[in-house]
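As structure tokens, here come the structures.
Both complexes shown next keep subunit A, but they swap its partner, so subunit B is in the first and subunit C is in the second.
Up next, the complex of A and B:
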């Protein structure tokens, strides 16, 4: 079993950090509404001399994007092949604590006619050797959550751009440190938020910008995925790392897939920002009940006690007075949903609406609709289809997992680097979207008390700027 | 929100204005203390710079305020808004300093512009200035309308609803969202036949020349329709579904100006015939339901209503109200 980094006592207990935040008491321009909400002010972090914002900083032009992959489990191995088929991208190195995984991934890429990547493995420090290579431009991290912060920071310090599977970190000070490290090293660190590139999500975003929903007032998203069978699998999550998180803390571990598209549609960090979070959690029943019914008494999981609530809900206020509800539930029997609902003064969109439409979504917007009757989303998705899906949707269907979202994410990331463009998702978005993990711990430890969401942009959120609703651009031709 | 503040350029402008103008302390006390006439007609000039609609983009917008009144303008606050749902930053700016008669002030804004949509679009931007002094009106508003694309050539090109069916084939109909429709036979009994003339409110209209069971009316969702001519009013022929079939039509003239007018239609069946000020044109007996003709003895009706026109100008196109409950079968200009 690999060495698992010690999980922070703050993440387990929460209360200590909450108390510290209260004592810090640094006011903001929004102190009044936050005070009304009863939120503890978040500490303000100052930039070190010479440290500058990474907002609107384009990538340097890369003729070819050379990717190094850390973590070759279920996710990392599949994504390695995904990177390898994007035009102008090559996987030059792969790394896993288990050497055999690195070898198998290299074999598979070579068998696919791709250049054989260098292999690293054998210890939890192997990735550091890989980071010393000078033929890696982008490091993709797909290890268990507890490794993300350290590996992401080390990659930045090694001068690499980084794209990290969810979450980039699980602690507030870690999130701040990644922001600061990105600003100091002038390298981008990006959350690998594939759902932000979902076809429905991007259409929803463009409809929001068009004003189809009127003034957007609220949005709901989440990650509602019955993972019980996988969590108890002896092979799917290496050393059951994901199940063990449910023994450690009560937190919204993984709300980003639903939260990020709503945040994008509300222009969080691009004219609005999340200000206050309050969390609720149900009792932890799902995993224990599943184990009781389906898992043999000899299984190691019987030594575990699950403490995380089955449904953890975060209610998040924004500076412009909107409300986001972000849910997380991976331990209850239910069909999959990321909710994806956005509503405003002129209408509402809801995803995961069953068989109503090919898109899976339903919509009700004035003046197009009346009579309290939902309509299929399909025609709207076609009308507001994002240029990325129009351009590479067919390729995505052929090459990518998760309905093509993975390929769109990878293609776009490579294109941004090759063309020298500003990333759609930056370190500030990544930190903000992951902040509900530690903030939910703080709020739940305080009985659901509101806690302030840090402003990782240090005030720059007020400026409008483009993000995922990007302008059409071309992938530079491959020589 | 952070308190609205000046950007550097605005500060510079305000300082420059103050340099050119009489110091604030020199403003006659009587003018500063005098009660502002609330009914004064604003003469303050507001202009909104053109907005680059080539989105998705963040566009810069400049609002210029000219003090055309006799008194020094002070406590100026400028707000700016785009079409609903378009993010603006900031939404308002306070302009420091005072401004003599004839002086101007500017306020800069950012607006998020979405991707240009195919077809015809009308984008309206609004700026409001509140102030003390100047012309004494205390507030002035300006709008800027920008269009893109081409208006539909005629109302028929906008037909999007099957409102009339044959009693022998009622299935295609869906006038009201529940699959019901007018009976072509009963409309004929009431004098409404495809292509037939209808006179109402001084206008000569036509009943749509569309076969039963095909699209032959417009559920009004802001479509832009080419229309030429001049007259005293624009007459609409139609009726409402569900409730609240009211809205505002915008008439654009060839000289680039526009006028608006609100109107409404009663529900095709249950509202009083004069609801929203409409005029009954025809009543048909019963309606076609998805399973055939029914509801005999109940009137299903067509009305007329109008909005005023500037008779001195030539109409270029009309933007229908953004309310799908309004169904329009024709529109025409009355002398």
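Up next, the complex of A and C:
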């Protein structure tokens, strides 16, 4: 068991989280009556004999972390450079179905003075060859969504740890299979959820744990990003893979960026769990309207019919009576937002506030505040700045995209592996945060009826555990 | 039929609203395929033979509007003064179960140089005596919620028009009964929804009608108002009537202030209708937590158990494929918000957006805006300022509360009656906006399942009609 740092002693002794989690686990006098059927067994599947949980299983110590990258499009090529500059990390192999991309990435890393990775490419079986290498410890997957499950599973079966771009899979069976495969191979599979490492998100998490919101009752997150121009671009998403998803089904494809930080702040799988999801979707208007205005009639997209609603909203209940709202909208004109809002009996935080272009967060918490007037979040963000940002924040924005949170994720992942620690984000988090994809499909197909959320932890969710709020030792020095 | 002003000719010819409404009614080539079962008959009840709709039925002309007030607590006493200063309006009678309140209100109006109203009070049957007067044209009801239905119905049966504070009723049967009674008595029953007359709300409505949002796909409203201190006050809500509602059931009690303006902007009952509602609620934490911290153990509230969730969220589908999110939270610490957000294929407006105490609205609409940066709403609000605010805005804040929208509602209601026009808000609007109360109870009791929303218009909802966006003639001169 990892050494329990001071912050979690405070939680165990007095925080709202601790009271709730102990109550849920042990049944103390403080247990609030739960309106949900908290005691009913969650839908689950049996483990094989001998198969054990991956919860609290640390990485083996890795002197250096050797990364193999599959998928070198917009995301993978940028992230390859990020991995290569993390201390104690080397990109040893890169793979893309297009060989020229593997070459270009290898060239770029070499030009940056990094060891030249081996190149794989030319067919959709190339990645399997890469997985046979014994100088790859961690596989990073950034291919189109439809390949993530298969490639993630194969990487685990090849004995590698895996970190997968969103989502790890899109079907419930696949999510369960990845959980089981991780447990059977004793290798971690991690959703590459950079937003979990966002600066505001981590401050919000710490504040939640330190009781500033009192009893947390609700939180809201989502992915509200006007991607219309990129979706119709001929160069951004290879073969328009992402726009085509909008022709196949209606679902919340990608709520994780907003959902994950809220789930962390509510200790989903660490004292609470999501129980029920219900979804609703608007009619699809945005993509067809954009096409009508801007896309020449000769363009192949004119053969397409868009079925995914512009705004898909999931309302999720938790066992402890919280509500999470997760939204997805990539086809309407609007400024970017992950919403990122958390509220409870003592206060509320709302991110992406502000009437001008540069928007920040706003907060109202008792007893600091009264009179029902918002205050800017800045001072709180600084006071509750996560140690990761204090340590590497200055480098992060230089080395990674999305304001630096990409690099924070990469640095942290490497550190966990080099120091032999428990991952912040495990396969249970990853499966839970991606579950709204198939669950929203199911709910929408049933007119928005509530559908049960599986318990991928098979009962372990009741136990208090620290995740992203862990304190750990320093990054081991690079030899 | 009222004269169709210029703005609605534009709608009929080319606006997004008109295209959709005509499609829904007539089935033109432009009709978008509706994912919802738009053609299925809505749950409804038969009219009696000869019973006709009150849609588009104008008031008779009233030279002066004579108002009788029932309920002189916090709300009723203030609004009595408001009625009394509207040109061409006289408060002829006031009633409260506590006679001293009737006397105080009568004293105050007389002291202000207004005709002294007759006083009724002393028993719960006093209002029935007031209703027998033949010098009351309009009854204004501001008693605790539990009395609204009975008093509203009785006022209609006594041949008066009625304007009722939120809600007109709390049960589906009662809502239908008020609709039927209005139709049978040929008297209007109006929800006293001041927020429908809010300055931002009316600008948002005009912008929606003029196509600035393109195809409107979603809108969000609610009532997020930290009432904890008032709920526990011994003087604010007589006999703690409002706090006691939180001990009886879990429901969205009061979403109308936020829902009504969104419904108006989507032309609910005027080209679209709400079809399905699903609700979710958090655990109740806020009131018990407040009581624990601030209320002496001797206080009667310590005998109470609070069951209504702090945040109750309704997700509502419409026939034309829009989604409305309506929220209710009066028991958590937070700055005030009615949310008031509308979005579509061309842009989005979000009210209550600022980072600091004085928060304004923000907007992003194509083609005016690009680059995904919010702009402040001010210039749009000014450009689309509703004629009512241009006309009486300066007086409104002096004469009424809530920034002036109370007085705007009162002035407009009197004008409609004096000029013999169709009400902006009719019994169908009122019933629809209050329906989430019993529907949320129903959905929550069924684990959040979708429940059908009745069609109080019995089919007339398909027809385009102007409501709050009407232009009308001047207020007739006061003789």
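The rule is short, and it goes like this: the second predicted complex is superposed on the first by the 430 of 479 C-alpha atoms of A that agree within 3 Å, B and C clash if a C-alpha of one lies under 4 Å from a C-alpha of the other, contacts with A are read in each partner's own complex, and residues count from 1 in each chain.
Here, contacts are C-beta pairs under 8 Å (C-beta built on N, C-alpha and C of every residue); 3 or more make two chains touch, one makes a residue touch a chain.
Bear in mind the structure is a predicted one, so any value in this text is a computation, not a measurement.
Student: See if subunit A has more residues touched by subunit B or by subunit C, and give me that chain.
Tutor: Here the partner covering more residues of subunit A is C.
Student: Look at A:346 in the shared chain and tell me whether it touches subunit B only, subunit C only, both, or neither; answer first, second, both or neither.
Tutor: After superposition on chain A, A:346 lies in contact with both partners, subunit B and subunit C.
Student: When the two structures are overlaid on chain A, which partner does A:366 contact: first (subunit B), second (subunit C), both, or neither?
Tutor: So A:366 meets both subunit B and subunit C here.
Student: In the superposed arrangement, does A:206 touch subunit B (first), subunit C (second), both or neither?
Tutor: After superposing on A, A:206 lies in contact with subunit B but is clear of subunit C.
Student: In the overlaid three-chain picture, which partner chain does A:198 touch, first (subunit B) or second (subunit C), both, or neither?
Tutor: Neither subunit B nor subunit C is touched by A:198.
Student: State whether A:271 touches subunit B only (first), subunit C only (second), both chains, or neither.
Tutor: The first partner, subunit B, only.
Student: Look at A:471 in the shared chain and tell me whether it touches subunit B only, subunit C only, both, or neither; answer first, second, both or neither.
Tutor: So A:471 only meets subunit B here.
Student: Is A:214 touching anything from subunit B or subunit C once the two structures are fitted on A? First, second, both or neither.
Tutor: Once the two structures are laid over each other on A, A:214 reaches both partners.
Student: Tell me which partner A:73 touches in the superposition: subunit B (first), subunit C (second), both or neither.
Tutor: neither
Student: Applying the touch criterion given at the start, work out whether A:255 contacts subunit B, subunit C, both or neither, answering first, second, both or neither.
Tutor: The answer is neither, since A:255 touches no partner chain.
Student: Between subunit B and subunit C, which residues of subunit A are contacted by each of them?
Tutor: Common to the two interfaces on subunit A: residues 214-215, 320, 344-346, 366, 373.
Student: Please name which positions on subunit A make contact with subunit B in the complex.
Tutor: Residue positions touching the partner: 29-30, 206, 208-216, 267, 271-272, 319-320, 344-346, 366-371, 373, 383, 462-466, 469-471.
Student: Please output the residues of subunit B touching subunit A within their complex, sorted ascending.
Tutor: 1-3, 55-58, 83-87, 89-90, 110-112, 114-115, 117, 176-178, 220-222, 241-242, 247, 321-325
Student: Under the definition above, what is the set of subunit C residues touching subunit A in their complex?
Tutor: Touching subunit A from subunit C are residues 32, 34-35, 214-215, 217-218, 226, 250, 276, 278, 280-283, 285-286, 289-290, 309-311, 313, 315, 317, 320-323, 325, 332-336, 343-348, 353-357, 359-362, 364-366, 372-377, 447-450.
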